[in-house]
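Listed below are the structures to be examined.
Here come two complexes built around subunit A, the first alongside subunit B, the second alongside subunit C.
Right after this comes the complex of A and B.
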């Protein structure tokens, strides 16, 4: 028991981050599941985080309603942004969501109530490790269920071939927007969790680099099953600690290992690391990469 | 009024560097339909290698410049061979190519960090002799003139090359339709590799000029221009060379004008990204984009 406590004391914040990053990776996964390449998840997390933080800190709103408000606002913005933007495909959608993310980041930098570049300081420290993992369990369960529902099949058919899906009578606009909004809601909620984990949040924590990281978690883990993104997030978030354990502390090497893993996965395991387990289980492989809606 | 004129001139200078960066970016997109996110990392390495040649190697900038540009071209070949060529036959090469270019960007950036350190560095004071010309209240340095001259010259040469030279025509043929080009006896893989060479060489040149103009270089200097470059090529029309040049100049001007009008630099990027977002939603093919690029 004492060893466990010591372990938690050393790795407690890492364990929290593993949960938060897994949740954020899942939020992007919801959008990728319908074949939509978004780089806006980090911005939605920012909207949720700042909303929840400002509500509890400055207006004295209780914790759970504040988290819910953050999630709802992120979802609303997702709806407003998603409707026009989801007409775009592939990299164009990625660029548009990226531009949206930058506008959000710059807006946060320039509004007074968010504390500008110094960040929102003094957010009450309420989120617990249990809260994070309970949310992760619920999100994972809901996403696994969703996947085998009518909505999940619609997402999958849009991802495989949008034209064919629409020819089958699927309202592609509705389902694409739904996947985008669901992703935004989960990201907004997680942003709120994250804001109440640290004393402070800054605009930097929701920028382009984070958006790309979330995409990397999904690709490295694999987007064929819901636990792929979680696996990717857990592996890559704990990678610095693993490398430290084997004696590599230099920052550039850590970064290079990160890039190398991503490169090897995309070259040799297009369905992500989860496909290793699946291959061993003798399941049939689909060599076609997920989330590949582009046409020439 | 004089301040405005000075700002316009400055915008033109920085805009020409943006244009040079974006031309290489858009060239690869035009040929392969792939967004090469490692372009900014090559840009950074170009600047840092040129600095190393001047600082440690003792070369004059006029010798270091072409050497570093050549080095960046070779990096482009490496990029193609490692990250793009193996994925070319895959159905989703646009998506997986985007991911592998992110991986290469991380690896290049970690190399820059490992080799040159994380601090901000600058060219030695005597690298280029600077004269300042004054005309009424307007001041222009010879360095600025040289930067614009080199950028415009390189962009002019590229346009001529693509229009007149045999290899240039082959590049355009591959961009139009690689299968037809192959049937016509064009060595498609060689042409693509050569396109990467040119694109990366131009990106490296932009990095050197950027470093000279702002008198500072750091391993993360690619981050800001990466997003601006995206904005420029979307604004000009993906794949369009004249569009990238005009887009670069327009972007440089919009930056300085925003600062001049609002009086602060806070909103500089917000205007740019709002414009980018609007262009994508209303006219995804950009100002000079081809009709076939329209993805909406």
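Right after this comes the complex of A and C.
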């Protein structure tokens, strides 16, 4: 028992962060699942976090309604941004969402109610570890169940080939926007959880590097199945601790190791770490492919 | 009238890919669309399926003007298509490609799935059964669990037809369904199109394989430089001097 308490005292915040980062990675996954490359998730988390924080701290709104309000506002902003921006494709979309993220960061820096560069200080510490993991469980289950539902098929079809998807009756604009808004809602909610974890949030915590980190979690974990982003988030978030355990002090080397992992995954496991678990299925498919006779 | 194209133009910059095309497709017929390269055949299919709207002109489907509608609305009205440069979903298996193609006819609501209701499992089984039926129609039932990437060229073309059939369309647009296929594959697709037409489906197809077109189509429209040259039955078309000129390359300066 004492050992467990000690473990929690040392690693408690890491455990919380694993959950938060997994949730944020899942929020981006929702958008990536429909083939839309977004760098806006961190900004949506910021919108949710600041909204929920201001509501509980300055207006005395209860915790759960404040989280819901943060999620809804992030979703609304996602809708307003998504409709014009989703006309762009690939890297252009990424740049537009990146610009949106910077707009949000700079807005937060300059608005009085958010506390500017010093951050929003004194947010009540309400979020618990089990609250985070309950949210993760629900979000993970809900996202896992998307597969094979109407929405899931649409997302997958659009990701694979947007033109073909529209020709078979999928309203691609609607479903792309939906994927963007759903991602924004989950990011906004998670931002609210995060805001009530540490007494303080600052604009930097929702900046560009976080947006890129979230993308890396997805790439490293893999976006073919819902648990890929969680796997990536858990691995890369706990990496500094793992490095410390084997005697390498975190710091600059952490970025190098992150980069190395990313490189190795892209080179050898283009579908992410989850493809390790799917290897057997994949090999089976390959042998059958070899056995397939050529069309006579 | 089932499908009526009236004086449709489509320009790309200064190029007039379609320059006043008119044609009528009768319900239940297999209608061929032929013409030399660059005549505007694929552009016409793109206009009819809503991938690229016309610059001017009118398209009537079931007597309703549809030229302004986006692709997904036209698909919902019963127009399905395949692509010249095969657009399958490469990360999916063959069966999954067809299941995805059921978008318009399969409900698949989210919440019954979320709560694991038996109704969702039942409807999923039914969707699977129908998808396998579509695969069987094109002779790919044995390939159901293969990755779409693993198929041979001809099989890919047939899988794309199966995916289009999954939405139970009324008008099927096929863009070169037997291009690059060997004799046996051509026959297979020919039999398939014939059986579809017997069931009342209307097919508009582009093809360069003349024996395929002449043997299958009850009516043929010839396009040249974005204009309709002639519409008629195979005998009329194959004997028409302008068609022969267009195919053998006798340009305006010779004619």
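The rule is short, and it goes like this: the second predicted complex is superposed on the first by the 278 of 296 C-alpha atoms of A that agree within 3 Å, B and C clash if a C-alpha of one lies under 4 Å from a C-alpha of the other, contacts with A are read in each partner's own complex, and residues count from 1 in each chain.
By our rule, contacts are C-beta pairs under 8 Å (C-beta built on N, C-alpha and C of every residue); 3 or more make two chains touch, one makes a residue touch a chain.
It should be emphasised that the depicted structure is a prediction, and the values quoted were computed from it without experimental measurement.
Chemist: By the touch definition at the top of the document, which applies to A:113: first (subunit B), second (subunit C), both, or neither?
Modeler: A:113: touches no partner chain.
Chemist: With both complexes superposed on chain A, which partner does A:145 reach: first (subunit B), second (subunit C), both or neither?
Modeler: After superposing on A, A:145 lies in contact with subunit C but is clear of subunit B.
Chemist: Which of the two partners, first being subunit B and second being subunit C, lies in contact with A:215: first, second, both, or neither?
Modeler: A:215 sits against subunit B, while subunit C stays out of touch.
Chemist: Once the shared chain is lined up, is A:224 touching subunit B (first), subunit C (second), both, or neither of them?
Modeler: second
Chemist: Could you look at A:156 and tell me whether it touches subunit B, subunit C, both or neither (first, second, both, neither)?
Modeler: The second partner, subunit C, only.
Chemist: Applying the document's definition of touching, compare subunit B and subunit C: which contacts more of subunit A?
Modeler: More residues of subunit A are touched by B.
Chemist: Please work out whether A:171 is in contact with subunit B alone, subunit C alone, both, or neither, and reply first, second, both or neither.
Modeler: second
Chemist: So in the superposed three-chain picture, is A:92 touching just subunit B, just subunit C, both, or none of them (first/second/both/neither)?
Modeler: After superposition on chain A, A:92 lies in contact with subunit B alone.
Chemist: Taking the superposition on A as described, I'd like to know which of subunit B and subunit C A:248 touches: first, second, both or neither.
Modeler: Neither subunit B nor subunit C is touched by A:248.
Chemist: List the residues of subunit A that touch subunit B in one complex and subunit C in the other.
Modeler: In the superposed arrangement, which is not itself an observed complex, subunit A uses residues 288-289, 292, 294, 296 for both subunit B and subunit C.
Chemist: Please name which positions on subunit C make contact with subunit A in the complex.
Modeler: 49-51, 70-72, 75-76, 80-81, 83, 87-92, 99-101, 103-104, 106-110, 113-114, 124, 143, 145-147, 150-155, 163-164, 166-167, 181-182, 184-185
Chemist: Which stretch or stretches of subunit A touch subunit C in the complex?
Modeler: 141-142, 145-146, 148-151, 153-154, 156-157, 160-161, 163-172, 224, 285, 288-289, 292, 294-296
Chemist: Under the stated contact criterion, what part of subunit A meets subunit B in this complex?
Modeler: Listed in rising order, the residues are 37, 84-85, 87-92, 94-96, 98-100, 102-103, 106-107, 109-110, 208-209, 212, 215-216, 219, 250-256, 258-260, 262-263, 266-267, 270, 288-289, 291-292, 294, 296.
Chemist: Give the list of subunit B residues in touch with subunit A in this complex.
Modeler: Subunit B reaches subunit A through residues 33, 35, 82-83, 86-87, 90-92, 94-96, 98-100, 102-107, 109-111, 113-114, 118, 223, 227, 230-231, 234, 238, 266-267, 269-270, 273-274, 276-277, 280-281, 284, 295-296.
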